[in-house]
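Letters A, B and C mark the chains as written, and numbering starts fresh at 1 in each.
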Amino acid sequence: MQKKKRNLAPYWLILPSLLYLALFFAYPMARGLALSVWDDEAVLPLRTEADLASAEVGRMHQGTQVEILGQQGNLLADTLGDETNLLTELWFNVSGQDVDGAEVSGWVPETRIRVREEADDGTPLQGTVRRRLGSNADPLTTVFAEPNENSAEMGKLEASAEVQITAVATLEVWYQVRGEEAGQTIEGWAPSRFIQVFGDEVNGRIDRGTAGEFTWGFFERMFNDRFFGPAVRTTLLLMVLIIPTQFVLAIIMALVIQARLKFNSIFLYIFAIPLGVSDLAVGILFFSIFTQNGLFNSVLQGLGLIDAARPYLTADTRGWIIAAIWLAEVWRATSIVMVIVVSGLQAISDEVLEAAELFGAGLWQRLRYIILPLLKPSLQVALILRTILALQVFAVVIALSGGDVVTVLANETYRQYFEFRNANVASAYALFILVISMVSAVFYLRAVRTQQEIAS
Amino acid sequence: MSQSGIETAVSPDVLAIQQKHLRRQKLNRASTYVIAILISLWILIPIFFIFSMAFTTQEAVRAYPKSILPFIPFSLDTMRFFLNSEGIVPGLINSVIVAVITLLLSTIIAAPAGYAISRYIFPGRNFFRLSILAVRAFPIVVLSIPLAVLFIQAGIFDSIYSLALMHTALALPTTILVIGSVFASIPYELEEAAMVFGCTPWQAFRHVVLPLVLPGIAASAVFTFVLSWNEVFAASILTLQNRTLPAQILFSLSNSSEAYQFAGGFFMLIPALIFMFFIRRYLFNMWGQVTK
Amino acid sequence: MAEIRIENATKRFGDFVAVDKANLVIADKEFVVLLGPSGCGKTTLLRAVAGLGMADEGRITIGGRDVTYLPPRERKIAMVFQSYAIFPHMKVRDNIAFGLKMASVDPREIDKRVNNAAGLMHIEKLLDRYPSNMSGGQRQRVAVARAIAMQSEVLLMDEPLSNLDALLRLEMRAELKQLLAGIGATTIYVTHDQIEALSMGDRIAVMKDGLIQQVDHPTVVYDLPSNLFVGSFIGNPPMNFMRGQVQQNGALKVKIGDFELEPAERMKPLLKKYDGQQVILGIRAENMETLNHPVADGVKVQVRVVEPLGSQNLLTVKIGEDIIKVSTHPTFNVAPNNDVWLRFPADKIRWIDRDSEQVLYP
């Protein structure tokens, strides 16, 4: 007997989108969360020797004051070629005659050789040993087995001896530092690029670490950011201004569309245009109206209401900027609410409305007792969607205020990332927006449900 | 009352009430028109103003007070100046490339999923739908920063292709739901009929379903194009040299002339003006879905 | 030859058993109607035959070929769908030709068959139109034309008339019956309308709760329902049911209220077993004799409602504890609250076991 198998087709069909969203949505979201609470460069391990392979003596936090005790080169890994702040020294592999006249070859620091001949691409080929200055300096230059002063001595070269240069090695400078961490003095080696040395060349601080650590620091920095308070206040103020206006206007627009006027299709087109307009374009649109020589002033002057152009979008007229942003957002994002409301209205049968009319309900009463209660699910969805979008208001604000005079949360996210190059604090801002979005969504869901419960 | 009163159709009283009712209906109708026109003006006047600013001389753009009549003098000067500004033409090309890749990618990935949620009842279907809705409700801002960091690490930062990947992630949930509702509007019975009359499932899809859903899917694709074309935040975060048009305009907003800004604003409006005309019928199809 | 055999076909949706071990043999060129209330499994059974929802258990053969798990396209069937399933993006002509094109029939032959089918359904003038602006009746004709153009030996129809308004349905019913008799395909026709079933089918299979209750010729199903459900579902008004007490005081009698009824001789041995118990009596409204004067073997009842229906007057009366409907000649003159006398012809009464609700056969 044949047994029917479970149909796997739908799972294959949704698989591509699941994979895509996992890769480009879920994973980045998890990374975003990590970015805001995980400091990748918090701790720097110190080593017993100027060598990554050597044992760790202890760890120091970013910003710890240290004393520079010494420095030494270490062969640079190829992968570090693009790193910034690299402090390097060069060593040459040379061959020539030592003090005893024997052939010797080995490594000497680049500072000991004067290059006399170079290939076309700048590779040094031949040079002479520099004379050491100073009265009690060793006149001879030591040749080492490896590009490291601790390696075996191969021989010594006299000053001005001619040498052939056969190879060049780039070494990274390591510092030996001493500092206090958690009440203990630690002494050890670390690559120079992680340490910032002060002008006196003796003191410095740990610039960044290589190991990560959980931290609330980025959130603290966000809360302490001087723009944080204004951004939150303005964002909330805009939400309170925009959303109610939008809903009233959207319901009116939806009722107009549902009235099926003669040019309904054209009205629908016009009402829908803002749906396809970007927030930046809307920002510019309203900038053109409220700028000093813009439409608003021109009309006022034309009507004789003002004598000269008045400024609206300046630091002294924050109220006007907020009003302009408010109007711009109402202009732009009411359409989406309207579309959702119309969809909801279409689900209400004409018979219900006709019945209400028959029982003597006027337009306002029908709206109040029939339409709005039946629209509740649609309005709830629209409210959630709009709140989330209102939290993302960004380009409108930049276009109308330059992003300084009036600022919002999304703008601060952008500023942190772009101007201060701090992806961690930017992530903290982004998560803050996410949390407000979710809290308000849950709030709306609750609020509407309790109303239904009361009704029933 | 006399019997004749019944026979002579309507009494004067009834007639008066009827007329009053008719008058009121007409008045209601008229006021609805007035409201419709007022709202239309509220939407159209800013567009019209920036349109007339974009097609005049730069002197006229700077002038104050502005002329009441539009396009005085009519000139392509402002437009020419804008298009010749640094980064605009490459930005334009980038925007189109990103939008086209986004619409292709999201449509190709979303169409099977849309088909699945509209045609199959399977364990996990509701969970999938709900997660799609939840994903759509996520703020773009939240996604952009970590993606930028990831793209930098993966070495594909500042590329229009990686921006298209991001825009696809943004558009995908909506596209899945919209295409799902498009498929749901085609009765399954049609597919069954095709299969009874000799089609394999794939032939039934190709001969019957595909021709019927294409207009709806095209509308969804157009909407995706507009979404990508308009997206500013992610585009500004994810690109530096290879900016899209909105990102380029945003970047140079603070140190550019008003002529540049107005022409740029107008340029970004064009797709909305054109495409909304074609897809207005499908809007409710797209967004009605969210309430179900 | 296209005999359809359904053997022990079972179809489940989760825990719900939509069709429960259905057995049905439909002879070649026979017209069988699947009749039952909505949700009884008739459409599910039809879809199992069509291959649109394969049976979980059992076997279905068409013309001796096991098709139980074949996809629909390999079953050589044609079907008319309840909502017609006309392809909205194709002209009527292409709709009718669709199946033939899929079968790669010669284009000239397709043309001939399309015109022929359109002619039979009187839709020649619609051939080059799109279905979008057509009426329900026109779409229905297109759907039927599409099915008959296939010239399949098996034709399946899923409530083809249910979406038409009453008058059109009546007209189409006769037309369809004539047409189907002409083309001679083995036909399964699903409907919930018992009049449609009675008027069209060679045989009727009555279904309830996934079980086939009775399969027989329309007159038999009407006259001799196999159980209480079939009797109550078929006929307008449905069969009347009364409770009676079997009593054997010398002669075997059945008491309905105060009235004592003598059953037909051939039923007596059977009813003996029910001595002292209740049975259910079933009788059709038109099978009772109504008199407006007392008779010895009649029961006096009071008329509650009189419904003049033109061809008959339908009386509602109370007998014992039960309300029944009685059909009388339209000239029978009676007003509510009048008394009338009913006579029950013994051979028209169906005796039903109260617990099993099955009709008792001697």
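We take it that a contact is a pair of C-beta atoms (placed from the backbone, for glycine too) under 8 Å apart; a residue touches a chain by one contact, two chains touch by 3 or more.
Please read these numbers as outputs of a predicted model, since none were measured by experiment.
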Mean of the CA atoms for each chain, then the mean for all of them together: which chain is nearest? B
Chain pair bearing the highest count of C-beta contacts: A-B
Measuring between Cα centroids, what's the chain most distant from subunit A? C
Just give me the whole-number Å value for how far the CA centre of subunit A lies from that of subunit B. 28
Need the CA-centroid distance for the pair subunit A / subunit C, whole Å please. 72
Length of the line joining the C-alpha centres of subunit B and subunit C, rounded to whole Å: 53
Spell out the part of subunit A that touches subunit B in their complex, as residue ranges. 7, 9-14, 16-18, 20-21, 24-25, 27-29, 31-32, 35, 249, 252-253, 256, 259, 261, 265, 267-281, 284-289, 291-295, 297-298, 301-302, 309, 331, 336, 339-340, 342-344, 346-347, 363, 377-378, 381, 384-385, 388, 391-392, 394-395, 398-399, 402, 409-410, 413-414, 417-418, 423, 426-427, 429-431, 433-434, 437, 441
Quick one: in the complex, what on subunit B touches subunit A? 28-29, 32-33, 35-36, 39-40, 42-44, 46-47, 49-50, 53, 62-66, 68, 109-110, 112-113, 115-117, 119-120, 122, 124-125, 128, 135, 137-150, 165-166, 168-169, 172-173, 176, 226, 229-233, 236-237, 246, 249-250, 253-254, 258, 261-262, 264-265, 268-269, 271-273, 275-277, 280, 283-284, 286-288, 290-291
How about subunit B: which of its residues touch subunit C in the complex? 187, 189-190, 192-201, 203, 207-208, 211-212
Seen from subunit C, its contact residues with subunit B in the complex are 50-52, 71-73, 77-79, 81-83, 85, 87-89, 98-99, 102-103, 146, 150, 156
